[in-house]
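There are structures below to look over.
Next come two complexes built around chain A: one with chain B, the other with chain C.
Presenting the complex of A and B:
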């Protein structure tokens, strides 16, 4: 499971830079084509498709946040939706108070981050299931809190904030503008996390996930890294909350209900835990599958989603992001077959 | 974790890109609606010369699935019977059948908006959906796209405010209406009554109390003590003890949580306080609340309603109820065939209201439909109690704003004319 193959030198994972092949040209070509496609897409696609893709972006970021703490650091967190909801509320409140949107954006990241930090101080001291329990408490406290602080949150009727309509100068329709806004912010977040998890920090997280004693022996404080990962996950949750408001423009206590956390978790597992591409696929799963099941049979949505989840887990335990890996392994074993037995022509 | 080599990543990215590309195929951006304006108004989306499509986004799975399924079942039952009879003759002279598309939003605001966005181009009007946050989530989008979102099941007054919600209309009475109906009954009695008030500390409880206070203003009814509790509280014993000390004649209990109501009824018995009770319509079920709590009918338990209760023996032989139950059996198999929640009856009435509006819709456009819908007065929809009616002409009020006060008789409820 680990990306670090075990060697007698236990510090190798942190001290040596992982072996990297030269990137073949076609990877760049495909990357450029995808970027081009993502940028051009909203100009030609119809409104509902753009709106759906924008929502995918929102939840891809939310799943990414969860991936940082669960996929990369291996700590069970069932409270991610709380940070999304917190970010959404901060955004809605900021818009209502007519704060500058940049300030609102920063606060929507910082405040959930601070909340995450405070919780992490307590949670990271605990191990395994205890962390899960502490994080469950977040959405469970969050919902009644959002109802009770009705001066700030609008109570159980929620709070609307329309701030993401396309400005005149852009010449774009609302759905296109929102799509680009989500694309830009999500892309930056993904690049940051990508770099974070591939650097020294990411390798330290991997050690903490695999074996805390080994980490300690290497001078990596598991506590510190868990707190940091938790805080970063909360900040990314805040980003997704801001994006949620860009796209949905409304939030209510229902937004941060506990069962959405479970849905996010399912999306992360289906997409692929500890994988950047998996987060994007998780976002697709979160948004696209309910739409799909609604088309098939609106009264059986929960059942069909359950079946899809089970099928994915049985067939692809590593999530959708492990498909290329599976294919490569299949090809390799076939090649090995033919190499080792050239006399048997198939 | 999967092995993360660069080429592996690239294939991952390619997979995503392909998915996006697949989505892009076949969808080309172009002004779909609004063109072809030669002579007369062009038809809105979701309506043809022979059919009209209604959308319902409502919780069909999850915690609120029971009432949610009912909000579709009644409507499907009503329209199923109408379609079998040939359809509805619209105001423009064409006869159309009604198709209903239900979408599950699991009570998630984000999914409700998603259902709206994905389907607004095929649906003539959204209707009957349950839930304040879910309906609120797509309210502004519906206004921006000029799509009707009408006869929705929420007690939130914003949907009936025409200035704020030009494309919306609520169906069920707002909380204030219910509180006011009971207040009026007390005020009319002319007696000197003392009232103790306990309410949930949110818009729900405040709405009930606000309506009640307005109705008793200037009468001989006096509120002697007013307390609140939080929706998250597991016990209200402290409040009840304090209220019992007043020994008020009437206990106005604006509570939305079933177990709390039951324990409140039991606790007051313990405290030897026997006031007359007022309970909101959603926490006054004879079978789920009053029966289990051992409520004594002699004390006087009052609630409000506007629909006949099919389960009550009183209406077993009622024509409306028989037709309703038969239609539910025949057409609503996908949702529910038994009216476990009042929402089944309500959505049946929504069907009748929509039929009336369609009959007066002069052009196949959403504008004409809204105009016709806002012009219904004195409609006695099937299953409505005597003394209640559909009236969509008054700004600030939902389609049903009149409720009848009822009194518990040990099994079900009887309508009452006077307090006492």
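Presenting the complex of A and C:
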């Protein structure tokens, strides 16, 4: 299997920048329709559906953060859930201390970012898979740490914080207000990451991912870019932690348990590594598939999810987001076949 | 003083279990360049197999031997039918595949044997004996000695046998080994099988202490990975020494540093790791590798 097949879209975007085709009008039309649908949906749906969709938004952001370090930079991280949990705890603590909500939001991003920076400083020094080996410790240390710091975290009981009730003037129900809050913050995060990965920074990450020696030869320090990408991933984790508190309003050491981290990783791979659309699909996968497998048989959940992950890696390494690309390539090769066969017969 | 010796011996015993899993990880890493995150999960499956064989009425020692043999076969099959697809490709994909294997194996264990705690009998008596005023348990000493013997056996295998030489050749350069007529695929299967067998021993030794659950080895895996990094990835001796150091240090820290205590002792190897990585990125025993483009 070639290096590029894991995320064909990424390299395609990087190598074809000068020859960008004009986006056809129907892409814009579909985009506008989706936005309209997302905005109108909560007004007509029932409460559980709204909450479910808001949760999808929360975990789409979490998967997006994982994508920055893993999909775009090619460094496996098994600790992304730690940053979500950290952000959630900071938010809960800030709300309890009655800090201004904006300050709490900023801290919920900055503190996980600092933690990520410190971890990356050490982990990125070893090449290869060391980041994966070090980050696996984050949730495993995080859980007892959260229990121990019970003055800040409420110990095993957890900590709850209500701050996302709909204000009077909006005329919205609580679930609708929360949905819009998540939609807004998630949309901003997605646009920021989209721009980040399409620019100079994104191209640097892509070359670090493809070949560190080539990156070095071009004057791009793999170490520096890995540290930066990891820090950004941690900050996005913090954002998703804040959003988690918006929707769930409660966090406990269980929030950052190891198996959630594995689920995030699985969601990212199934959705599509190194892909914006893949992150959104990953959010859906994270929220809906465990529910589904739980309904089939609770004891089979881990078994089924392991099988899904392996099957996706075998047959669709680019994840769900690569299906359109696959179809296009299949059509093109078929067209090439029909074009070339008459010329052969001449 | 008595408490101190007891803590050191217990630490060496736990460290030996980390060392066994760490050695299994190094074995796979040397032959395929992968880190197998499913190694812990495979060891749990082996421990459940031991439990099942013992349940059929086999004496414990035979149950462990049977489990090691079955685990060897399973490890080889996993290499052939799952991991072979990802070798030589993007290492990230391969690592994610091992994470998928971990989920799958944990799921299989939970499905067959439930997520409740099961009790596996220990190979060694729970009694202890006096040593310089300390009560040292046979269990700890036994665990330590078994791993020591296995380690020496592995060392001998790699040093003095033709199989060991072939395994080292494949690890060093698969392409050249294939050209000189070595069955590379089959040797990779043997490598994975050996690693799984080693994991089976580790699982059987640690299960009585932790009680048998599908997630039993998650923490042990984390310790083993820390030992592998500290020991410098490539050096089996380094891994074992690092694992022992971790086992002893975390035990001492848990008792003598009140703030750490037993719940946070898992942070000890990582603080250690952190300092080592900043000062000596190639690990305590590793050598700097030079990459040619």
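Observations, loosely collected:
The rule is simple: the second predicted complex is superposed on the first by the 317 of 346 C-alpha atoms of A that agree within 3 Å, B and C clash if a C-alpha of one lies under 4 Å from a C-alpha of the other, contacts with A are read in each partner's own complex, and residues count from 1 in each chain.
Assume a contact is a pair of C-beta atoms (placed from the backbone, for glycine too) under 8 Å apart; a residue touches a chain by one contact, two chains touch by 3 or more.
Here the structure is a predicted model, which is why all the values come from computation and not from measurement.
When both complexes are overlaid on chain A, the residue A:262 reaches chain C alone and has no touch with chain B. In the superposed pair of complexes, A:292 makes contact with neither chain B nor chain C.
In the superposition on chain A, A:302 contacts both chain B and chain C.
Contacts of A:147 after superposition: both chain B and chain C are touched. By the document's definition of touching, of the two partners only chain B reaches A:274; chain C does not. Looking at the shared chain after the overlay, A:70 reaches chain C, while chain B stays out of its contact range. By the touch criterion stated above, A:328 is placed in contact with chain B alone, chain C being left untouched.
Once the two complexes are overlaid on the shared chain, A:130 sits against chain C while remaining clear of chain B. By the touch criterion defined above, A:252 reaches chain B but does not reach chain C. Shared interface residues of chain A (contacting chain B in one complex, chain C in the other): 1-3, 144, 147-148, 259, 299, 301-302.
Residue ranges of chain A in contact with chain C, taken from their complex: 1-3, 6, 70, 74-76, 78, 121-123, 125-126, 128-130, 132-134, 136-137, 140-141, 144-145, 147-148, 213-214, 217, 258-259, 262, 265-266, 269, 299-307, 309-310, 313-314, 317. Taken in their complex, chain C has these residues touching chain A: 34-35, 37, 82, 85-86, 89-93, 95-97, 99-108, 110-111, 114-115, 214-215, 218-219, 221-222, 225-226, 228-229, 261, 263-264, 266-267, 270, 273-274, 277-278, 281, 283, 291, 293. Considering their complex, residues 1-17, 19-21, 23-24, 27-29, 32, 60-62, 69, 101-104, 106-111, 113-115, 117-121, 132-134, 136-137, 139-141, 144, 156, 158, 201-204, 230-232, 334-335 of chain B touch chain A.
The touching residues of chain A, counted against chain B in their complex, run 1-3, 20-21, 23-24, 26-27, 30-31, 33-34, 37-38, 41, 43-49, 51-53, 55, 71, 144, 147-148, 150, 155-158, 160, 162, 174, 244, 248-255, 257, 259-260, 272-278, 280-281, 284, 287, 290-291, 293-294, 298-299, 301-302, 318-325, 327-328.
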